[in-house]
Amino acid sequence: MERIVTFGEIMLRLAPEGYYRFVQANSYGATYGGGEANVAVSLANFGLDAAFVTKLPKHEIGQAAVNSLRQFGVDTSKIVRGGSRVGIYFLEKGASQRASKVIYDRAGSAIAAAELKDFDWNAIFDGVSWFHFTGITPALGDTVAAITMEACKIAKAKGITISCDLNYRKNLWSRDKAGEVMGKLMPLVDICIANEEDASDVFGIHAQGTDVSSGKISREGYEGVAKALTDRFGFKKVAITLRESISANDNNWAAMLYTGDISYFSKKYPIHIVDRVGGGDSFGAGLIYGMLRDYSPQEVVEFAVAASCLKHSIEGDFNQISVEEAKKLAGGDASGRVQR
Amino acid sequence: MERIVTFGEIMLRLAPEGYYRFVQANSYGATYGGGEANVAVSLANFGLDAAFVTKLPKHEIGQAAVNSLRQFGVDTSKIVRGGSRVGIYFLEKGASQRASKVIYDRAGSAIAAAELKDFDWNAIFDGVSWFHFTGITPALGDTVAAITMEACKIAKAKGITISCDLNYRKNLWSRDKAGEVMGKLMPLVDICIANEEDASDVFGIHAQGTDVSSGKISREGYEGVAKALTDRFGFKKVAITLRESISANDNNWAAMLYTGDISYFSKKYPIHIVDRVGGGDSFGAGLIYGMLRDYSPQEVVEFAVAASCLKHSIEGDFNQISVEEAKKLAGGDASGRVQR
Amino acid sequence: MERIVTFGEIMLRLAPEGYYRFVQANSYGATYGGGEANVAVSLANFGLDAAFVTKLPKHEIGQAAVNSLRQFGVDTSKIVRGGSRVGIYFLEKGASQRASKVIYDRAGSAIAAAELKDFDWNAIFDGVSWFHFTGITPALGDTVAAITMEACKIAKAKGITISCDLNYRKNLWSRDKAGEVMGKLMPLVDICIANEEDASDVFGIHAQGTDVSSGKISREGYEGVAKALTDRFGFKKVAITLRESISANDNNWAAMLYTGDISYFSKKYPIHIVDRVGGGDSFGAGLIYGMLRDYSPQEVVEFAVAASCLKHSIEGDFNQISVEEAKKLAGGDASGRVQR
Amino acid sequence: MERIVTFGEIMLRLAPEGYYRFVQANSYGATYGGGEANVAVSLANFGLDAAFVTKLPKHEIGQAAVNSLRQFGVDTSKIVRGGSRVGIYFLEKGASQRASKVIYDRAGSAIAAAELKDFDWNAIFDGVSWFHFTGITPALGDTVAAITMEACKIAKAKGITISCDLNYRKNLWSRDKAGEVMGKLMPLVDICIANEEDASDVFGIHAQGTDVSSGKISREGYEGVAKALTDRFGFKKVAITLRESISANDNNWAAMLYTGDISYFSKKYPIHIVDRVGGGDSFGAGLIYGMLRDYSPQEVVEFAVAASCLKHSIEGDFNQISVEEAKKLAGGDASGRVQR
Amino acid sequence: MERIVTFGEIMLRLAPEGYYRFVQANSYGATYGGGEANVAVSLANFGLDAAFVTKLPKHEIGQAAVNSLRQFGVDTSKIVRGGSRVGIYFLEKGASQRASKVIYDRAGSAIAAAELKDFDWNAIFDGVSWFHFTGITPALGDTVAAITMEACKIAKAKGITISCDLNYRKNLWSRDKAGEVMGKLMPLVDICIANEEDASDVFGIHAQGTDVSSGKISREGYEGVAKALTDRFGFKKVAITLRESISANDNNWAAMLYTGDISYFSKKYPIHIVDRVGGGDSFGAGLIYGMLRDYSPQEVVEFAVAASCLKHSIEGDFNQISVEEAKKLAGGDASGRVQR
Amino acid sequence: MERIVTFGEIMLRLAPEGYYRFVQANSYGATYGGGEANVAVSLANFGLDAAFVTKLPKHEIGQAAVNSLRQFGVDTSKIVRGGSRVGIYFLEKGASQRASKVIYDRAGSAIAAAELKDFDWNAIFDGVSWFHFTGITPALGDTVAAITMEACKIAKAKGITISCDLNYRKNLWSRDKAGEVMGKLMPLVDICIANEEDASDVFGIHAQGTDVSSGKISREGYEGVAKALTDRFGFKKVAITLRESISANDNNWAAMLYTGDISYFSKKYPIHIVDRVGGGDSFGAGLIYGMLRDYSPQEVVEFAVAASCLKHSIEGDFNQISVEEAKKLAGGDASGRVQR
């Protein structure tokens, strides 16, 4: 079985139940999530051997984060224990015209305060065939960026495929800083994943004919983005998710996969949203799974989009979807009829 | 007041709250339901004298099932107490493209293990004008099928109207077995109820021009199904519900009533679903009510469809709708404006 | 900072969670609300100095009502304490074709049993620039109507702007009685607010070309209503909300503001409803805010409609929306994209 | 099977969960209860045919009260439907030195506003062998007191045994008024039930050597009370519960039964309290059951005390205890070992 | 690190929240537990390499059971997947004089229906130093008893220490049958664990001077039991837990360890119970841990009793206690002062 | 009305419901608390004009903290808004021998990162008669210690009474550092409050004959502590709470007040604990209230101990007790009988 390693931060997610606003909350649902952790859980749910690497405090909140991962079969044995706090994000679910809102409280987390020597990448990468991270990880600070760079170099040397989801977070770093740091990491990356805004935010590569805030998405524009990214960094493949946000409840969801010459566009799904956090991560996991299973490019993008479409119907960051369920949807059954 | 008896299984329904998946559930909402029990509750809510007949253990879980029925005015005095377990079904509510999922855990339930001598149908049918069962009941096992046959014969002899909802459950028996057993019961039945798939599953009678998985429904095709059923078994009336499943959240809902010569089609309602389990049962209850009240065929089918349309907005198996509410909707007020 | 006073009843609102019906409820969410209290909270959330005047018992349920207001910054120092009960309303949330349902249990509440001497309006109106009440308050009984009249007269004498939301409640009084009592209050009112049915219910002024139950709304018809109201009572401005109820889940929401010569129509928002109670009150608060901030008429109606559109996404009677959020929506961003 | 009728008010009970105070409550557990309703449920749980008589509104809150009774097998067919509200009581559970607190909001309830002609006692008492009420019922108002008197007279004429639990409520009437009204009803009563304070509150009959607030209870004193009550009103039997309140969590619980010559004292149970409301009512039900089953006086009081001891471990007003469970405890097994 | 294998059934545990009775439950807390699973989780929480062996269905309820184990670090890779249902037990928590109640619904579970060939014990026991099972496992049926026997024989051949907790369950088999089957397994067992009733139930070995139902426990009596068990079966060590049940809330808890010549008695702890299910299993786990760590006999029994004392303060079957916490209590700090 | 100012940190408190451990928590109850905030709320509940001073972020979590205070009538107008995070503490409630556990996550909070210029103490202290802080505040960092010093100096200059609760927190600073910083603040303090360990932790002043971990408390020893504190720092009064911890559920609670010559000892209350966090703060508030009301020393300490005894029965940090309730207990009624 292929073994995948993902590296990043897992946070305690505190969300008022239902559609309550923060100022109305008397309790918070407590789950855990983070870009790369979400990918690891999704891959484990697909039956792969997925390990998540991070640093977490030894105390019970840190332990609960570990438990949340191993519950779903993720290998947590490479997680370094130490540091003083688990990063937190508060999530308020939007509805109709009211947007969902995230308040980050992640400064000083164990991983953000980690040191280079905490991670023995040669050991971590033993027997591994794929390494995945997102743009959030190097954004956590210069040391974490350096750790990421070291990981990429060792992965490269070992012939491990590297994928990166650009995942720009404006509250963590500026566009300039992101462009600079990510620009150095990208040449080591094989598979680049982005959403409809990332390439513009991080590298200033804009999609022609698209206005995200109005929900208008141009297929041709994103083909151009993928080509530009490939030209600049030499990616083997570029995948871009194409979210049309009609309201906080209703989104259209599709993606494209660019293989250096051809752009493969998926079906587009109109989604009634339960929880859209982790949507992009579930796409990344689907993409990795499809490639590891040697699906054709069209099959890869259809599988990844179907898996991530279904994620939007799942509470929490983690995608709780099986390969069979994603395949069934990709195969055309979107009727939602009761399965008895 | 007319007295109606329904016969079948009532199960403990265990459902994670909201849209949580089974693997995320830390608690289960515990309600009770089952095809014929649902019909009895709905009729009691309409103000009729409805009795539900089954077998339930003497322990507290059995008692809770009894209480769930008498809470809504169902006569539970004919329920036989004994046996060792209450059948269970686990229900995971779907959303958007993700289908709802049912896991049955009903083998060995008290009613499935019941004996012929447990039920004194002559006493049970004293003062009764209508008997209703569904195809689920004989599917529980050969003995229960025999009990059902005995009930039908005695009902017939007493001049009681018999209705049956075909309700095919593939996890309980094969299409062949269903066809064989149901084929013997049908000649005793006056009113046949079916959904858009049952006639095909049980008797191999297909609707022309219809592809359920794609959501395409042909009115003419179902007219043909009703006619074929009537021709084969001599039903007085055949009613068929016509569900178009757009997603797990959105369905269109309508029905037809065939009276041996004319097909009466109801309005079609676009439904935003709260809980669709028991939708068909609430239709059956509406049908029985309308017929007992001597509504015209068009009124019958409109009332039954309106009542069952509203069921989709109710949590749990039981339809908690009054006659007035169903009539108001059938009369055209679907605006959902606040009633103060 | 401008100081606004609103006067009326605040009730304990008891609502089953989610979409449960009253007969299924084993617990009730307990919040507080009422037309004028809702306006006060909304204005306080906008950063204004808003005081709510009522009478509430000294016991803990009365105290909890007070706390619910001061939690959001409303000045409760003018609330008279005494009387024996807090009015209650039970709220069942509708879904799809099933309407929401309100059962009032407010007879004998402290405010309904209040006396003229309980309120020293000269003191209450010290430093106040705006007074707001709704048609519910005088409907609570003759004494409360007299108190309201006294308040209006003193406000008028002090040059305070007076706004009134007609808010007809058929369970509190007849159309005739409402017309009579409100007819005497209206000449003191500067700004009249109404929904699409109030003018007809209270004053028999019908909108041409409109059938509320069918969801059909005529712009021209409401222009005529506003003009007729202005002609009869001499209002400075008339604002009318225009709700098209497609189902209990989906409404279209817009409004007009008539300034004596010109009608300003807002954008129309299709809303997926979380909780529509207090929708009109949040409009009124937006209107008052916009006028106090000297927005142009078009800006006023757009701000008020955006604020009240967002209210429909908020649980509870109180609108938990900031000025910035309302402005952002009024400015065109309705995409509901996650705010990180 | 013996048929028992109880008559009184059933209220909606709204209680914050756990040990939350009213001012902290964001939701209320919603159950139903009232002295005579509690007795009816307890008797139905013992397997008897118990009917509860009251008046309740036709709306859904009234219906929910009905359902709460028939769920446990109480005959609700004699309940009159009409009136405008269901009485409410708010209950805050105490802990340690902090006392439980009740806020009544029952004025104007359907039963308090009922009329003499609402109840056809000759029909209600058909086939009945026992009639039970408490001192709360006549305290609801002069008309309800008159209805109670009529019920007692007709019961007496039909040879029905009448029991009354004095149950003094100082917020409903004064001691003088209670003494006057109850003094007229008592001569019709066969079995008088009281707690350690009632006889003093209602009839000024004090127990020597007892100071309830200090938790000191004198057996001899209560023997004197029972004798004095019997001397004054000619009761066949007098039962008195003897609660020693150590804290809101811990009470000692015992009772005596006086048969006109001998006082039978029960064992005394140290109780760790889950919910003490309805403790006295569960004692009354046990007493009635024991007498109907012709237990010996000692057996009667032991059964009644054991049943009511167990009530203190049950959430809600209703005693959810079987005859077997009460007998097991009365028989000496108080170890609380797990029953597998 | 030592590797321990335990073998048995893990069930879905459905428990009403707080002190609600089954007939009051509208939802069930859903956790998982079972004698041997509980031991495995406790050992994993102590930091050991613990694997649990059973058979579970492939469906989501089976998966949830697996997840509940791996969440706490138990190795679930040896669990066989197949069969149709997960065993269930319903648990109602007792209070004061009201006993906790368990209703088993475990017939036909995957493990009860397992076959000999499902388990490859040679592979399972690879690298294992300790094997643990309880008397519940062979009670599941003759085949499971045969599987257990096979496991014991192979373990014995491999020099693995075998421990067995007698754990008699009267609803699974008779005392005679238990004595017969267990009598054949015992000669293979090294360490025998029992509670204060097991030896009597299974082997007819009674403790002198003890009456469990009265809470009276004789130290000397249990020394005799341990000696008799050792004489009959040749155990290396016998450990007996000594529970004195004062009420459902309050128990005294202690234990003895007999090493063939000397009896080591632990301190006795007065416990205020949160959840006593799994108390014995947590003792077994503590015992195994102490022996694997080569604690002295007195240290072993003190550690095991402290760990299991703390279990009574933990919700659910699983003991969520660290080695440090158990040692701290065993070391004398029982004050429960806040740890900041 | 006297105006009191308290200064310190208010944190988001995240606590699993009931007795769940952190690793079992799927949701956290979200309330707010902190030593000085707790005192302010308690004083506001006593009817005084209490203001709380701190710094809180502008975002919604900061706003929720503000709302939690003004809900109970605390003046929040002096709170500075800014900074990036709200301090958090995780609280796991202990039971029986298992201790409660607190995990602090407060580094980098807005108040800990506040600057001297954030607070204009001359303005804050306008019209103020009492200033209160605890040893936690200067422990937040050198700058906050300097702010505290400045506040004390200005308070002193204005003739404001200053009280300080030593409240040593070992996770915030060392005993040496605490002694140094607090040693400089103490000469400005009039009223010193301490628990049974603080004087020893901060100033090395030990109580003779006392072993806190064993629950043994010597009255004479604490008289000596009070005298030594007074001798060293010149306090006007010293109050010491005397907690005997029997288990996490059961504590004895008492206090002494030393007035420079006489020690006044309160009654001792055996408490069954609901939530003991904030127990000391509620004592401090009671003390301040009693002194402001010019109670005699014995009355002061009895009132303060009664108020804080009752706090142990209240969920959350804030003491939700009225003056009347505290007086009733101080007056001798500890029976916990239901208040109807």
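In order of appearance the chains are A, B, C, D, E and F, and numbering begins at 1 in each one.
Here is the rule we use: contacts are C-beta pairs under 8 Å (C-beta built on N, C-alpha and C of every residue); 3 or more make two chains touch, one makes a residue touch a chain.
Please read all numbers here as calculations on a predicted model, not as lab measurements.
Among the remaining chains, those touching subunit A and also subunit E are B, F. Under the contact definition stated at the top, the chains bordering both subunit A and subunit D are B, C, E, F.
Taking the mean Cα position of each chain as its centre, B sits at the greatest distance from subunit F. Distance from subunit A peaks, on a Cα-centroid basis, for D.
Residue contact pairs shared with C-D exceed half only for one pair among B-E, A-C or A-E, and that pair is B-E.
At the interface between subunit D and subunit E, under half of the residue numbers appear on both sides, which makes the contact a different-residue one.
Averaged C-alpha coordinates give centres for subunit B and subunit D that are 42 Å from one another.
With touch defined as above, residues shared between interfaces to two or more other chains in subunit E number as follows: 18, 21, 23, 26, 67, 72, 101. Taken together, the chains touch in the following pairs: A-B, A-C, A-E, A-F, B-C, B-D, B-E, C-D, C-F, D-E, D-F, E-F.
By the touch criterion stated above, subunit F contacts subunit E in their complex at residues 18-21, 23-24, 94-102, 104, 169-171, 212-215, 245-250, 276-277. Residue ranges of subunit D in contact with subunit B, taken from their complex: 67-68, 70-73.
Taken together, the subunit D residues at the contact with subunit C in this complex read 14, 17, 21-23, 25-31, 59-61, 63-64, 67, 84-86, 88, 90, 92, 101, 103, 105, 107-108.
Taken together, the subunit B residues at the contact with subunit C in this complex read 18, 72, 269, 271-274, 309-310, 312-316, 320-321, 325, 329, 333-340.
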